[in-house]
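Read the structure below first, then the notes.
Chains here go by letter, A, B, C and D, matching the order in which they are written, and residues are numbered from 1 within each.
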Amino acid sequence: MALREVSQKRVLPLLAQFTRGLSASALPEQVSLDANAPNSQPAPFSYVPPGRNHLFVPGPVNIHERVLRAMHVPGQNHRDPWFAEFYKECLEDTKHMYGTKAATPFIFPGTGTGGWEAALCNTLSPGDKVICFRYGLFSHLWIDMMQRLGLDVTVVDRPWGEGADEGALEELLRKDTGKKIKAVCVVHNETTTGVTSDIAGCRKAMDAAGHPALLLVDGVSSIGALEFKMDEWRVDVAVTGSQKALSLPTGLAFVAASPKALEAMKSAKLKRVYYDFADMLRTNPSGNVPYTPCLSLLYGLRESIKMWKEEGGMGAVAARHHRLAEGVRQAVDGWGLKLLCKNPRWRSDSLTVVEVPEGVDSNKIVKNAYAKYDLSLGIGLAGINGKVFRIGHLGNMNELMLAGALVGAEMAMIDSGINIKPGSGVARAAEYWHKTSSVIKTRESLLK
Amino acid sequence: MALREVSQKRVLPLLAQFTRGLSASALPEQVSLDANAPNSQPAPFSYVPPGRNHLFVPGPVNIHERVLRAMHVPGQNHRDPWFAEFYKECLEDTKHMYGTKAATPFIFPGTGTGGWEAALCNTLSPGDKVICFRYGLFSHLWIDMMQRLGLDVTVVDRPWGEGADEGALEELLRKDTGKKIKAVCVVHNETTTGVTSDIAGCRKAMDAAGHPALLLVDGVSSIGALEFKMDEWRVDVAVTGSQKALSLPTGLAFVAASPKALEAMKSAKLKRVYYDFADMLRTNPSGNVPYTPCLSLLYGLRESIKMWKEEGGMGAVAARHHRLAEGVRQAVDGWGLKLLCKNPRWRSDSLTVVEVPEGVDSNKIVKNAYAKYDLSLGIGLAGINGKVFRIGHLGNMNELMLAGALVGAEMAMIDSGINIKPGSGVARAAEYWHKTSSVIKTRESLLK
Amino acid sequence: MALREVSQKRVLPLLAQFTRGLSASALPEQVSLDANAPNSQPAPFSYVPPGRNHLFVPGPVNIHERVLRAMHVPGQNHRDPWFAEFYKECLEDTKHMYGTKAATPFIFPGTGTGGWEAALCNTLSPGDKVICFRYGLFSHLWIDMMQRLGLDVTVVDRPWGEGADEGALEELLRKDTGKKIKAVCVVHNETTTGVTSDIAGCRKAMDAAGHPALLLVDGVSSIGALEFKMDEWRVDVAVTGSQKALSLPTGLAFVAASPKALEAMKSAKLKRVYYDFADMLRTNPSGNVPYTPCLSLLYGLRESIKMWKEEGGMGAVAARHHRLAEGVRQAVDGWGLKLLCKNPRWRSDSLTVVEVPEGVDSNKIVKNAYAKYDLSLGIGLAGINGKVFRIGHLGNMNELMLAGALVGAEMAMIDSGINIKPGSGVARAAEYWHKTSSVIKTRESLLK
Amino acid sequence: MALREVSQKRVLPLLAQFTRGLSASALPEQVSLDANAPNSQPAPFSYVPPGRNHLFVPGPVNIHERVLRAMHVPGQNHRDPWFAEFYKECLEDTKHMYGTKAATPFIFPGTGTGGWEAALCNTLSPGDKVICFRYGLFSHLWIDMMQRLGLDVTVVDRPWGEGADEGALEELLRKDTGKKIKAVCVVHNETTTGVTSDIAGCRKAMDAAGHPALLLVDGVSSIGALEFKMDEWRVDVAVTGSQKALSLPTGLAFVAASPKALEAMKSAKLKRVYYDFADMLRTNPSGNVPYTPCLSLLYGLRESIKMWKEEGGMGAVAARHHRLAEGVRQAVDGWGLKLLCKNPRWRSDSLTVVEVPEGVDSNKIVKNAYAKYDLSLGIGLAGINGKVFRIGHLGNMNELMLAGALVGAEMAMIDSGINIKPGSGVARAAEYWHKTSSVIKTRESLLK
């Protein structure tokens, strides 16, 4: 196991150039080409081909028409009397996706990055020791934030394609006999690599070490799609964003804090105002907010959670994600390709990261998919740019949408020089989906 | 060739029970089940599964998000001064899809059925002799309308799956030495069978016979999707509806009339008011309307035609439809099934009608597709109910959307007892689409 | 009382040039100016000033945001199983606004003009004698339709600004000892003049004469806004359209037929196909339709009727319309102007028609309102063009919206040369509305 | 002049309980009533009365239908090639409203409060001395933030209803011979009191004192509505939010930084990650973003700025706001009431704050307006709760909308015990608006 500690250094030189958005090197041609091309007027003003764009990046995801409708609201006054009860229901709603009854939920106008900041600033003090695993761009960026906020981070590097190493965690915690480590930070689902770490396992390691550190979890691309058991796993702060499994537009950071986290808040000395839990705690219980809320996104949230509950809640949603993901994995096998994530225990049901053969540039696949088939796939990020592509399948998704994406990926791979038989992947997915199919619950009577 | 003339009889007993909507016998279980089932609350109030419904009936079709946005307009006054110019542009816009410069276009609040009525009432008088081919439910229903309006129809029955017989037409017209036949009526694309008749060929037959009859064409499921050359073919009245190739909601009947048709109008004695060309001719030239126009649909129309022109107009749109359709035909071949339309000359690029093997009930496929995969396919109508199913692929459509539908159809066919290997059809379609793929025109620079 | 019978003549020369839309002479400058002006690009592409356009014509009316949202639906298949129940509920819903339990409701893709045609064609035969009052452009146009359909119309002309004369009706019916008159046709609310005729009174006159004629009522600008008691008044066919009190976009014709009307249908010989009740009667009971329905408008209908019922149904809605209208009448009095409708018994609660002083051109007011204040008022139609303007206040409307329109009308009147003190009208309206105000029903607790 | 310095104290006891949202005491009845009442289901699920809600709080404001349409977009991938150019245009667009060519604009997913944080954290270091005027709740809250971030704030208290005192500012800066004061912070338009401070005057005072401090300006309720000349006034950081003059939903914080501010950034030591300019500066120039952008709001932004430019840009927009505001001020005079802001030099054109007579509770007016007339007015905040009410008239607004609000305010004031003649205010506004009216620019030809 590769265990390398990187403390208080800003960033690895290798990664310094990357941002949460795009690496400077990732798509230079695209940017310049678009800017100079005669048809460089940006959408939605330029040519839009017929049919739907196929959106299969791991966020932002496809927004359901019901959610779009719910958000189509002219201005409203959040100080009118209806708001208080409405907002309290919004907050309550989000508890379901965290799997919590005990934690206190917060909604910030912001993104998952803001949620990270809220998680750290409200529970820690400058110089506090924290542990974080790094196995992709997003765990890297969270670590970067910790360092910039003045935390003393023990970085546990893991091969990209693997998840949090519970053994290493237990070992580090056991060594911390003075209990100086204040928090263990884990990215639940690393969107760079398609790896889902085992939070229950991490909790077990912490318990085995008898360590009182807080457990802070980035659930940005997991919460609402995968099983998440905040109470059972004793997660102290969990973070997600609106444009992932909840299938809303970007703009809300969702954070939930355990009673233990709220206790830690009292002595946490990192500066915070915008992302301060305290202002929320003072206002939210009466349905108020410390600053203007994003009403249209809140309307979308209510509709999204309503659909989530109608589907059957976390168990049903996670089962759907697993079935969709398993079909994609069958397709990858049908293509004769490999997942970046070799160990089945860590394979993500939110997205699939596919390794391309030596000599093939995966960026070409992403470009062909977009340029020829109006299919948006995810590029390989940072150190694995050019070597993998990513298929997002979280949130508002079903098997026929995904089948279209698989066919598009096949064609784009052939266009990019991979020797694949058309249909070889989607056939395997279809076979699996058919075998595991069931009737939509309200339509059973049609088949009798 | 089966040539049977049926004049002035209301309808064939076999068909008497059918309507343009659904035959009473077609889906009895569905209707009754839904009405009685515990979850019988109609959409959009009942459970909606995650992901998109896959709409692949031959109309109504998938409305593009741009069109939906354009129509989201609070009430407006069509007597405000902007309207006149706007409406004239709406009318002009529609000429492109007819392929006409000479004809006068009309837009009626109504449906294709209303367009049929306009075509007949404005050009003919009670007792007039007309010829019409019958090769499906829609040609049958148009004939039924002719008879109910008091026309003397010579019905030329053709096997379902074949198109207009130009030889028979020429023969009938040659026999009409007194030139008593006032109109030849042809359904261009029979949505029951997936058959596109050859209007140029019909025109040639009429010319060969030297016959002056009007040529009235139902282009409901062809105009805007397939090549239509109103001027070149000397079509006298052409009819379509908004929910077909134009990919709008239902609610507009589009009709275009040649100068010859407008001349015929002057002596036409069938009663008409709502669908009278004359009121339109008196008001439209100054941008007025004889009664309230459907503003929101007109906004959608402008956007739809704008997209149609941006794509490249009729040639480009028809080529896309051909490529999509050919992929589906490859898939049908891959499944080892047959098209209802055996003769390649008549195969429709708007929809594909697939015969199912003996012993299989095609209604089951449609039900399984809807109940299990949220896929809406078309049932077999009237006399071929249970024997075929229909895949619509006209309008706002691309290959990845259609790939999803093919995968869904495969799974639903297996569910219904057809022995098909998953992927056997979609693989063939993908192979064809890949071979014939090109780059979306504004994205070429991305691949350089 | 001016009673002039005009039988079988097409139209009065005076009116011959008018259409339901606009008279050729009504807005010639607008049309030509718009077409030639540099900024003649039609909306929505041209300049749109900030703030809302104020729409106060008597249809189309302001569509509620809830209704717009409900209609924002990508294509759907009306042959999927959910539709049957949905459609039956749509039909049932409409019964409320007619005030009927006994009648059979129909929904046609079309407009109120289509509804007129349905009412006549399904109940009458060529040459049938009918009576119709004429007191405005719309009653005139309905009569025109009757004549063109071959009916023998006894036109009872009434001064514009007065309503149906029950005495004259009774006298005419008494004279018809042979019971040759098959129908009495009444426009309930004449949108040209702001006059509401007394349908109960007409029914009483018919009963007094002991005459069995059918009672056909145009309720286009009354049904859904004013009290309508189809069963109590024994109306045989009632007609309305979607863009009036129901506050939907244009595109649906609503028609309801009494059992007596449906009985008459059996022997009615006017030709009809598109607007034939029979096809509806064969299909609607099982939730089917004879041709493609306007799904998006039906979604809007459900939401609109839902809101109508939530408000309290016909009594509450009619009371709101009365209160709004009375405020406008107070304002007119405050301006020192007169209503076209002098007799209070006939004053409409749907719209108010205001006479302008001698020497003032009311078209100027309408133009100033639109050009300076983005306010859409109705022009005087046909014979009273230039002499009146119309303020529509039906459908989705409340007092503060209407207050804005009154202020705009005041300013536009001053701009057009009427000597009015700013605020003189709106102050009277405000005084009346304040005096008659009540608390929105769910907000009463706020004031305790 | 009351000049009281409050350094490093958290907050005045008087204000300690207030938050940017609602004070705990401000609307206790509303909150509790709504929660307990039988009809306490929050919108949009509960009863919605017919007609439009009238939204006249000083933000969130009425969103134009064009903007709503532009935002109705299913998920899209901001890493697709079109985004880079699109985003660069979004950033460029915002420069217009700041009145800057020299500054660098940023767009953060967040609110104005986040913009405050960005302004401070990117330019200052812990312990830095800053000056800030306090004359309302929002200036108070910004000061509170400064203190919580560890800045040494010299608070200059001013009577609520007055603006920044330039003399006091000059005096303070002159005294600071060591140039220890790093920033002068001014709330341009105090939304609590309807006061617009004179930024040009503040700059002049700074220049007169020859002081190099940064000038940080909260333009939340001014930028985009009032004249703002960032370059001319040498503002160093300017802040606004999407839900104010830009008339978008809440969710974007707009910040612009002068070259001097960006220079200061290099040595600024306040911790920042989410709101760090540096990550934006590294990514924005190539059209990238450090974390996921709010695509739907950016679409809205483009449309909003497009409308802003079409109207004529800052001069035209500010003139419209002045005319609207002046009408409201005339109305207040017509009612015999007083503005909170006595000195005309400071009267805001974004909102008007009206003092109610002794013995009247202004909260009652706000409640009556909402409960009876569906009119949303702003309550008095913090120390002036109960004594004033606020009418917002910024952003997407015109005179007829505002006329409706004035009528509603009149009625609500009477309901609350103020002796006002109905129409007395709106008449004065109408008189003024009429006198100052002009023709909408594209409609001039209509009046010739």
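In this section, a contact is a pair of C-beta atoms (placed from the backbone, for glycine too) under 8 Å apart; a residue touches a chain by one contact, two chains touch by 3 or more.
If you want to know which protein each chain is, UniProt gives these names: A, B, C, D = Aminotransferase class V domain-containing protein.
Note that the structure is predicted; figures quoted are calculated from it, not measured.
Of all chains in the assembly, those touching chain C and also chain D are A, B. Here the repeat of C-D among A-C, B-D or A-B is A-B, since over half of its contact pairs match by residue number.
Per-chain Cα centroids separate chain A from chain C by 54 Å.
Rounded to whole angstrom, the centroid-to-centroid distance between chain A and chain B, based on C-alpha atoms, equals 44 Å. Distance between chain A and chain D, defined via averaged C-alpha coordinates, is recorded as 34 Å. Residue numbers of chain B whose C-beta contacts span two or more other chains: 30, 33-34, 44, 46, 52, 62, 65, 68, 70, 72-74, 81, 370, 443, 446. Across the complex, chain A meets chain B through its residues 29-30, 33-34, 36-37, 39, 44, 46-52, 54, 62, 64-66, 72, 307, 310-311, 317, 320, 367-368, 370-375, 395-405, 407-408, 410-411, 414-415, 421-424, 426-431, 433-434, 437-448. On the chain A side of its complex with chain C, the touching residues are 65, 68-70, 72-74, 81, 443, 446.
Per the touch definition, chain D reaches chain A in the complex via residues 19-22, 24, 27, 30-31, 33-35, 40-44, 46, 53, 55, 57, 59-63, 65, 68, 70-86, 89, 109-114, 117, 145, 148-150, 241, 243, 247, 249-251, 270-276, 279, 282-283, 286-297, 299, 370, 376, 378-379.
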